[in-house]
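So that we are looking at the same thing, I have put the structure below in structure tokens.
Chain naming follows the written order as A, B, C and D, and within any one chain the residues start at number 1.
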Amino acid sequence: MSNKEFSGIIAYSITPFFRKNDQVNVDVMFEVIDDLISSGANAIAGLGSAGECAYLNDDEWQLVARQTINHVADRVPVIIGISELTTKKAVERAVYANKHGANAIMVSPFSYYKLTEDEIFDHYQAISDAIDIPIMIYNNPATCGVDMSPAFMLSMIENIEHAEMIKESSGDIQRMHTIQQQSKGTVPFFNGCNYIALDALNAGATGWCTVAPSLIGELPKQLFNAVSTDEQQQAETLFSNQLPLLQFIVKEGLASTAKAGLAIRDIDAGDARLPLKPLTSDKKAELELLMTV
Amino acid sequence: MSNKEFSGIIAYSITPFFRKNDQVNVDVMFEVIDDLISSGANAIAGLGSAGECAYLNDDEWQLVARQTINHVADRVPVIIGISELTTKKAVERAVYANKHGANAIMVSPFSYYKLTEDEIFDHYQAISDAIDIPIMIYNNPATCGVDMSPAFMLSMIENIEHAEMIKESSGDIQRMHTIQQQSKGTVPFFNGCNYIALDALNAGATGWCTVAPSLIGELPKQLFNAVSTDEQQQAETLFSNQLPLLQFIVKEGLASTAKAGLAIRDIDAGDARLPLKPLTSDKKAELELLMTV
Amino acid sequence: MSNKEFSGIIAYSITPFFRKNDQVNVDVMFEVIDDLISSGANAIAGLGSAGECAYLNDDEWQLVARQTINHVADRVPVIIGISELTTKKAVERAVYANKHGANAIMVSPFSYYKLTEDEIFDHYQAISDAIDIPIMIYNNPATCGVDMSPAFMLSMIENIEHAEMIKESSGDIQRMHTIQQQSKGTVPFFNGCNYIALDALNAGATGWCTVAPSLIGELPKQLFNAVSTDEQQQAETLFSNQLPLLQFIVKEGLASTAKAGLAIRDIDAGDARLPLKPLTSDKKAELELLMTV
Amino acid sequence: MSNKEFSGIIAYSITPFFRKNDQVNVDVMFEVIDDLISSGANAIAGLGSAGECAYLNDDEWQLVARQTINHVADRVPVIIGISELTTKKAVERAVYANKHGANAIMVSPFSYYKLTEDEIFDHYQAISDAIDIPIMIYNNPATCGVDMSPAFMLSMIENIEHAEMIKESSGDIQRMHTIQQQSKGTVPFFNGCNYIALDALNAGATGWCTVAPSLIGELPKQLFNAVSTDEQQQAETLFSNQLPLLQFIVKEGLASTAKAGLAIRDIDAGDARLPLKPLTSDKKAELELLMTV
């Protein structure tokens, strides 16, 4: 298994709930996954930020992880997100994902107390020691309360066996140049901040992790392709067209927006879990407009 | 039951673990609680930041909540901390604490996605609707990823039945003046930022939530008393003496420092849970010195 | 000459302008200075933030410095503010103030490019080498674009001959405790952030630099006296009464608010210089109300 | 006169000083300007950040403005930077630049007190009313203490006659997309943050304001050309090669680095003015290495 398999559009699948009982709706989850693959997704990311990973109990988390992997069934690689407060729980989930066939895991150091680099390093080390699939180090200071510098993440990749890739969601394009520069292009990195997608791909990002395909189908993939084939004008037009939607997603929240967007497309994935609230009807109307790019 | 019972030193009890198996060590927990009451604590706060609330599983959380309340046995009031990502889980824990005899709950809106004021308001409302004990609204942007303004917290106190008190941990003394001013002194507020304890009490704080009594015994209570009886010089001397320790606690982390300090006092509460790391031996030596104020 | 002379209320005099021609109105400046001394000011600070130091040309600056010193005529000590972009200009102004009889200078490292600690140190050293009066090191990150830590300022006081006092305007009460603690109470420090005045005095501040006496007369002095004589209840009442005004001053701007307030008191000091705009009529009405505490 | 003339590399000329007497060295200034034009600069920016605009007295400022315009002598357009604390002085300098033949002015709202959008708007309006050449609105929060949003700058362009272009130096690539998007591509914007030059040009920036040509000659121009002709691979290689130097410039300071770099190239432009310090010898050695890209 090689991280080389991860490139292009890494599409987040969301976690649908039944409205009647707030249980995970596996059928709709499958529908969403199939839809993503149809839109050209190069990989599926289950239990990422958009998948409400932080809001599921253990049984639900395992169900979603297992069923996502099973249902994708090797059509594309699957990466499972792990964002846990304790090292113990993170290791458990990593082992579970590994055992059930995930091709990689995407690990962010979710924090209550601020963590030192030493503490973060050992957290990743413990996870790596327990598995045999690649780890994507995921930096998302806005949600995780921890900000890892490019230099620190690269040092983990150098020193921790399965740490092989980086996902950068801080929105600072400069960090992508730094990763590219300092690793001499040897470390694959992925963009996790929707509204700088074109900049990131131009800066050498191997792929783009995004929930956007659930809202605008093949457009993200077309953008990736245009960059890959050096059609810069085409890439700019494609990006420019989807930018307002990408900004909307980040501003209104990935989970709530994705579920509202799926509803607009007649896929009822329920609402994001409280305290997250569904979009207001004004916002839904705005979203509907933005989806017809 | 009235929030008037909460004033003075609200001492955090920590959650001790056995070193052999990482299980909650209830006997040591009892010893720590007794020690806090002996040091003059006016109330016990179980499952606060220092209690590693974020790092316990459901069974552990319930065990600690239940046993804390039972063991205190009305010697002083007990407040139970609730810092959950989902409203559902927060409500469950609030109901549990209420049912098992907690005198109040201390609720912070722990977040993965940023929350709007609407979302936070409904979170507190849902909790209030499920219980019949007072809620202390707890603002701690550094750990919870959400920063609530004095005006917003006061509006919740005005509009949500059981929201009655505020705990401010941002470290900004100006906010305490604002709470005092805007509520015309009618809303009890508590300081949660150790190193501004004297400033907060002088600014009208009803009490101080702190883990310090586990390290320096009666000194925090003496400081509170000196302020209460208007012995400003005495208060300044007491504060000045304990300030370096208070700064150390905040800098090195409440849970890790408290456990290191208890070990120095020959109480083995185990280590904080990974990824949190124990203090280095240098830091332990520094702490030992600071504890002999 | 000893810095011991500086304590209590260091009142800012503002720089009045004629409305007809935007020239400095020396007569009104004298009137304002006399008024401040009548209100109990223990020292006059000319050309501070409130004095629009940054908005005067060389001739104006010299005029205000010289005439302030002359007019005070040793009734109380005078400190002259120096906030210059180049070391050369700062030295020139320091020498001018020294030569014309200032009792001290208050120096902040105004910056365009961010400055290193080395650069700031040498800036203060060069000024110190050129004069023989005390320097008050003035930290005001909001206006000056540079934030000096307590430890760095204390190191300058230890190593630079005439650096003897600190003025802290960051609004972070914790820094005052740190200055007090690290200097073992040997370095006089002054509060420059109006709305934490009581906290700062309780934390050991030697004085309070403020424009408030131009708006509310003797009240700041009464607050200082109450703290000095350990009448904590009285101090709290006095502070609580003037707090809304102090918050207003900081929010709306020292120079604009002071001039609006003087106009309410029938002293026409003109407007602050553009781009600063005068208060709107709504804000003036709000100010008028706040001035009748 | 049209802003269309401004595009490509807008090269900053620095302000050289004689070491013996700290006077402006006009001959070296001419040499630097000629050198920039030889390196392919499409325009010269005099008295920008790199030109130490904030550190010159009135006579020096006028000398540099006048002589820069004269010496360029229409070989390329000249834009003069204006970064003044008072509206009055900004207008004076704008009028001076206009009268002496500048093709445009680049105006940033340098601040001591924080400015409201109203105050900033009127500042630009007053300048526009006094001149008949285009204004480039220059946002540089790090040096100027004011941060203008894309929406606010676009509103000024819509409403203020001579406000026609934007220079963005915040380093946030997202703002460039927003400017492009919200203006539907009708407002020319320029990048002022060296290390995101390629991203900015890809995002539609009309040009890049930079001091880099003084250090690495034609490379910035080659980068601009590669982007213009859609040679993305070539652009990435060029950018990647000069990126470490661009990062160094921003980190160590434009004026100090430019003067050190010119010295390495045997052009003695003196040092930046104190409190700015020259690069240490270690940094000079590092710079020398980076200049041989």
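By our rule, a contact is a pair of C-beta atoms (placed from the backbone, for glycine too) under 8 Å apart; a residue touches a chain by one contact, two chains touch by 3 or more.
Just so it is clear, the structure is predicted and the values come from calculations on it, not from any experiment.
Q: Quick one: point me to the chain whose Cα centre is farthest from that of chain C.
A: Farthest by centroid: A.
Q: Using Cα averages as centroids, what's the distance between chain B and chain D in whole Å?
A: 52
Q: With chain centres taken as the means of their Cα atoms, state the distance from chain B to chain C in Å.
A: 38
Q: How big is the gap, in whole Å, between where the Cα atoms of chain C centre and where those of chain D centre?
A: The computed centroid separation for chain C versus chain D comes out at 35 Å.
Q: Chain D: which residues touch two or more other chains?
A: none
Q: Show me, using the given definition of touch, all chain pairs that touch one another.
A: A-B, A-D, B-C, C-D
Q: What part of chain D is in contact with chain C in the complex they form?
A: For chain D paired with chain C, touching residues are 22, 49, 54-55, 83, 85-88, 109-110, 112-116, 118-120, 122-123, 126, 142-145, 253-255, 273-277.
Q: Considering the complex alone, what residue numbers of chain B touch chain C?
A: For chain B paired with chain C, touching residues are 171-174, 177-178, 180-181, 195-196, 198-199, 202-204, 230, 232-233, 236, 240, 243-244.
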